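Chain nomenclature is as follows: A, B, C and D, assigned in order of appearance, with residue numbering initiated at 1 for each chain independently.
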Amino acid sequence: MIELFTEQPIISALIALGGLAAVFGAVLGFAAIKFKVEGDPLVEQIDELLPQTQCGQCGYPGCRPYAQAIVDGDPINKCPPGGHTTIAALANLLDVEAPALDEEHGEESEVKKVAYIREDECIGCTKCIQACPVDAILGAAKQMHTVIVSECTGCDLCVEPCPVDCIDMLPIETGIAGWKWDMPAPAHIIASDKIPHSADASTTKQEDAA
Amino acid sequence: MAFIKITSPHAHKPGNTGSVMQTVLLATLPGIAVLTAFFGPGTLVNILLTSLFCLAFEAAFLALRKKRIAFYLKDYSALVTAFLLALALPPYAPWWLIATGSLFAIVIAKQLYGGLGYNPFNPAMVGYIVLLISFPLEMSSWPAASPTLSDGAQLPGIIATLQQVFLGVPIDGYTGATPLDLLKQNQSQLISDLYANTSAFNQGRWAGAGWEWVNLAFLGGGIFLLYKKIFTWHAPIAMLASLGLLAALFYDGGSSTSSGSPLFHWLSGATMLGAFFIVTDPVTSAVSVRGRLIYGALVGALVFIIRVWGNYPDAMAFAVLLMNFAAPFIDYYTKPRTYGHKSGPKSQA
Amino acid sequence: MRKVWDIHGGVHPPESKTQSNHCAIASIELAEELVLPLSQHIGAPSTAVVTVGDRVLKGQLIAEAQGLISAPIHASTSGTVTAIEQRPIAHPSGMTADCIVLKPDGLEEWIEIDACNDYKALEKTEILAKIRGAGISGMGGAGFPAAVKLNPRPNQKITTLILNGTECEPYITADDMLMREHANEIIAGALLLAHLLDNPSEILVGIEDNKPEAIATMQAAAENTAVEIVVFPTKYPSGGEKQLIEIVTGKQVPSGALPASIGIVVQNVGSAFAAWRAVRFGEPLISRVTTVVGESLALQRNIEVPLGTPIQHILQQHGWQQENAARLIIGGPMMGYTVESPLVPVVKTTNCILAPSRQEVPEQPPAQPCIRCGMCAEACPASLLPQQLFWFAQSENYEKLREHDLFDCIECGACSYVCPSNIPLVQYYRASKSEIRIIDADKQKSDRARVRFEARKARIEQAEAEKEAKRVARKIAAEQAKRLADEKKALAGPQGTATTTSSELADKASTAAKPTDVDPATELAKLERALSSAQSRQERATASLTDMQREDPDNTARIESLQARLKQAQLKVNEAEQKLGSFKAAQNSVVATETIIKQKLTSSPLEQLQKSVDTIGKRLTTARQKLAEAEAAGTPTVEALRQGVAKLQQKLDTSERELVEAKAATSTASEVATEVNSDHNKTLSAADIAIEKAKAKAAAQANMSDTEKRAAQLTSLQSRLTKARERLAKAEAENNENIDAFRIGVEKLEVKLAEAKEDVKEKA
Amino acid sequence: MSQYKEIVSNGLWKNNPALVQLLGLCPLLAVTGSVVNALGLGLATMLVLVGSNIAVSLIRNAVSDAVRLPAFVMIIAAFTTCTELLMQAFTFELYQILGIFIPLIVTNCAILGRADAFASKNSILPSAIDGLMMGMGFLCVLVAIGAIRESIGSGTLFNNMQLLFGESARGWSIQLFGEGYRGFLVAVLPPGAFLVAGMLIALKNSIDSHLQARAAANKVKLEKGSKRVRTTGQVA
């Protein structure tokens, strides 16, 4: 037996490899069944990062379906309400490079908006109530409706169904209490070198002025 | 009428980065003077050339990056790099060596990382090490200090210097072993014998002719910077302490295998230049007080280890670069305790 | 001499205090217009209680506090309210806010004020109300309503009261001058506050050593009182609340907590002075001492100025060279903010108006790169690492900013002050702080939106499911009702026994019961009568035939006809007899089927009931589990689940009851069956009685005349109606959901009764 | 054909294993001291890449997921051994110079990466072409780095080519800076490899950004927000 192996190195190698393959294959197969991961906590984590406007601009009915889609390989740049902050957070979570927002899904809005119903024009059709994904509109049939501003995510899904076009998207007003300091003008790091020439020229001008 | 709108504070302590750098440059002057006194005008030529090259490279790269050249040159940081590189290089080094060193220091080590404040490694040391590992011959040919010159020989004049630097005309019988070289090559002599028999030592007082005075001059410059509060005492003192401690531990009374006394280590090679001008480089060192103590102590330990057991006679540059790597790590674990918090770093995820 | 501690970091900017503290606190002439913002403090803005055109007296309440953290506002002088509108206010944003505009009449007519000679005679709540009512809020700069701090939670024992006379900011000397001139009142105020705080063991006044005159007067005033004057070296920012606490007590306020959590309350000396004035003399806070300073002014000094005075007015009174001033700063040069318009008014927190010349406060040169020199870290009084914070703020790494305790930054500006690269560090921190707050708020909002969206989805799904369930239930109910009707038809016919549903049973029963559509008893009687009449006719026919044959044998024709009649009669009798016989046979078979049905009934419904009880039980347990889970998770569906469980419980109860009843019925029914089999009665059970009753009724009805039947029907209808009415009343009382059905039932019964009555009348 | 075009551009430029995916850095940094070394190892890697891609593509439907990676590694190991034996037979000196880096091709992540990412999902022909193109891209970068390092580090180009192409190639060697060139040792040492690789990546990125800028200028405007759906179901 041993003689055969020493005399036939090819056969012995094949047997050894085959045996190893069988053993490891069995171990791996067992492991694959035994340690199968159920569920996908990643979906939860992604859902946490999405802005929960439920606006559907990503092409999915709600934030969670989109989170699921991202797990399944969809690009992470389809969320205009979240904008670059959300994309950056997602990229950070998934450890990929942050792409620019896919504008086919909409533009990132600078100012946050809320829906506002011009109440004397409202006919009480309840269509906006049915359209609101977060139940932020109060009202009943043939009664005037109104928006709960604190709950409105600004998704504007209620605007289109309104038969009398009495819903406006208004920017959220920040009074003196909501005022905040701006970041100082961008510092001179390498990334800022990529800013188009005009922007750089303006900072240069500032420096000149200063 | 509208008034300008600006964040507090409205008062500002006088001084800026440029003036800090200028003070540092000022503090190198005693060292430069002593180097020139002992090794001739080579050092001055070095400084001149590195300054020229560094400023040129800096300006060129700022232009490439579309930055305002005058504004950034005014921070004097390129000049500080130039001075440190020049002081680290052996005098009378060929011009192309200096140019290459400046290129690596300014372009690769500094501007490619984003310029002042963003470089993780000390630019002067990067330039120095690139040269050291690429051109070991040129980099190890230190001139002999004036007291050790053989009879009749004298320091080269300015003409000879320029010829050596630009045309490669060698100056005869001029290079000599540094005290650190001598100690490294010492095989059989007791330290006391070495001191007695070698001109590099017996012409000097504590740690070899010329070098001890160079180091003392840099120490003086460093004390001046401490007095000016350009940096805190933590990193240099920790570095000198750990170097001295290790030297004392391994001194063994001066046998033939001895690694030299603490005094010898303090006053030879680039110890004081490193301790007060390189270890204290704020950009590449640790930031907190504890961090600087650790950083300095580890630099000192590495200097000793490489000097004694490594392949190079001096080790300042390697030690500093190695610790530059470790600086962010040290920062992370030496975050000071914030007011009103129980312990230091609270969430070390 | 009390031990004082040192704080980490700090800077020594030029003090620049001598130019304003050389002369006594002065006053200036009244401005033409006073502008009193509704928000001069931290917390909710107050609401105006005067209207445009009202004449107000000096010290009159013109705006009320809104909520706990708020302060009222009083008229600074007598005059007329000319407007309540948006005016620029002293705020770094340069925005406008609601203000009450007052046009002074120059009479200085005081409202009636309520002095108090001995505050110790008052209840503490009364004193607090006085302080609160006087609108006193922190005068050092932040403007936290004083009364809130003086009313610590009951579980927090205040051991140390510190009056802050530090005034560490350069230029400002308002507290210095106040202490020099009103030392006695400040000490009295300190004792008053101490009294309010249950006499803390230590009452300290912290003063920096660069105010020797103030220290001397304060020490003189504090002699023989519990108040101790603590003097410590000058260093910015010793006057920060947390820093002062550390300097005089060596303790640090835990991050994110208030000083009260370690038993300390800090008040500005100005607040103590104002509190004393408010309690002792009843004067509300309508003026304050402000330092007017800066090289663009000809005169630099401290003035006592009515709140609401526009800064422009003050500056003009001090010889302002506007063209020489690049900025206007409210507060000191370290933490003060610039204002865009000189029209902004003095408010309760305005401790300094700094109008520097261009040379005095030069413009900041552009920022150079950070070289991480660490000077900021050395200067930071909170032991932060400002250079790291700057790095992370620049890269918008909010996670790291939090980790590096950005929110412990007090924005003192020491780091920016020392920064050799002129980086506006404080602005980075302020911007990052607001950004993080916004992100947190957005996160909260998005979490809420997620919950609402998911709740909505769940609700819609549930509604769909319910609709579907209802549809299915209707379908099943319809089928069951059909079955039930069939069975009733099958069973109620012959015996009137109440049974439950069972489809095969119902089929069999209905087929078996078909011939018995007619009342069997009546039929029997009819047949019997027919037979007897046929028999009597036959008898008569036979009798007449024999008579004829005996009396007139020759009359063959007659005899033949009589014979034919007889034959006919005989045929009829036979027929009747046959009919009767077949009917009787049929009757027997019906009874037999009934027995079978009864036997089946005894078993199958029972099993069915048992099964349904089991399934309901199972459903109930799962429902209960779900409910527990939901309760644990606190999901909003908890209520719905709870209702579901309750319903299931009800169902289970009724099913169980039915089961028990069915079991009882089964035993009786089996008895009945045996009885029926063994031909008739031994001990009569309820079912038997019912059967007997039904039989008797049927028999009686069969024997009854139409009139009697109708009368019986009428009474039964009447009794049903009363019962139905009773049920309706009950349903109404309980507000049962079937109330409509009951009502309709009653109406129908009433109609039927009316018809029956008419029927009876007609027949009668 | 567009599929093959895509594969070619991916391998050579867009998804270059060395410059974009940064795979196989170990040989990239270790053996690019001279052109001949780089070429030798590059060819060996390409050979293994093509072979393993074909083999993996062949068995892709027969291998279960759990044993996928071991099987691929086995295949790659087999091809590497073949290559090693071939080099031993034909270019023994080069084989000796490259030393451990030939067997280490097994662990070159570029190869396993392509096997797993491409060959295990595609049929034979595309897999073979993908292997060839990826190998070619890798080879090109290797040779480029080798050329730069050799010329800076020792002042020569195509030195010792006879190791790969036989004696006739001995004369290919070029002295770039004359006999007196001292050699810039850092370029030949590993740090030089990092520096040169970094420069090449920077060069590629800058070319890409220029191309992108040009493409962006010609781009058709997208309809913004065109892909929206309703999240609130049917609106009656």
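In this text, contacts are C-beta pairs under 8 Å (C-beta built on N, C-alpha and C of every residue); 3 or more make two chains touch, one makes a residue touch a chain.
Model, not experiment: these values are computed from the prediction.
Among the chains, the centre nearest to the mean of all shown protein C-alpha atoms is found for A. Looking at which two chains touch through the most C-beta pairs, you get B-C. Rounded to whole angstrom, the centroid-to-centroid distance between chain A and chain C, based on C-alpha atoms, equals 31 Å. Rounded to whole angstrom, the centroid-to-centroid distance between chain A and chain D, based on C-alpha atoms, equals 34 Å. Spacing of chain C relative to chain D, judged by their CA centroids, is 64 angstrom.
Taking the mean of the C-alpha atoms as each chain's centre, chain B and chain C sit 69 Å apart.
Residues of chain B in contact with at least two other chains: 7, 71, 115, 118.
Shared interface positions of chain D, i.e. residues touching 2 or more other chains, are given as 231, 233. In chain C, the residues that touch at least two other chains are 92, 363-366, 369, 424, 427, 430, 453.
Considering their complex, residues 182-187, 189, 191, 195 of chain D touch chain B. Listing the residues of chain B that touch chain C in their complex gives 1-13, 15-20, 71, 75, 77, 115-118, 230-232, 282-283, 285, 287-289, 292, 331, 335-341, 346-347. Touching chain C in their complex are the following residues of chain A: 47, 50-54, 62-64, 133-136, 150-151, 153, 175-176, 179-184, 187-189, 206-207, 210. Note for the complex: chain C touches chain B at residues 8, 11, 13-14, 92, 94, 170, 242, 246, 252-257, 322, 325-329, 331, 333-342, 354, 356, 361, 363-366, 368-374, 377-378, 381-385, 387-388, 403-405, 408, 411, 413-414, 416-418, 420-422, 424, 426-427, 430. The touching residues of chain C, counted against chain A in their complex, run 39, 89, 91-93, 95, 97, 363-367, 369, 393-394, 423-424, 427-428, 430-432, 434-435, 438, 442, 445-450, 452-453, 455-457.
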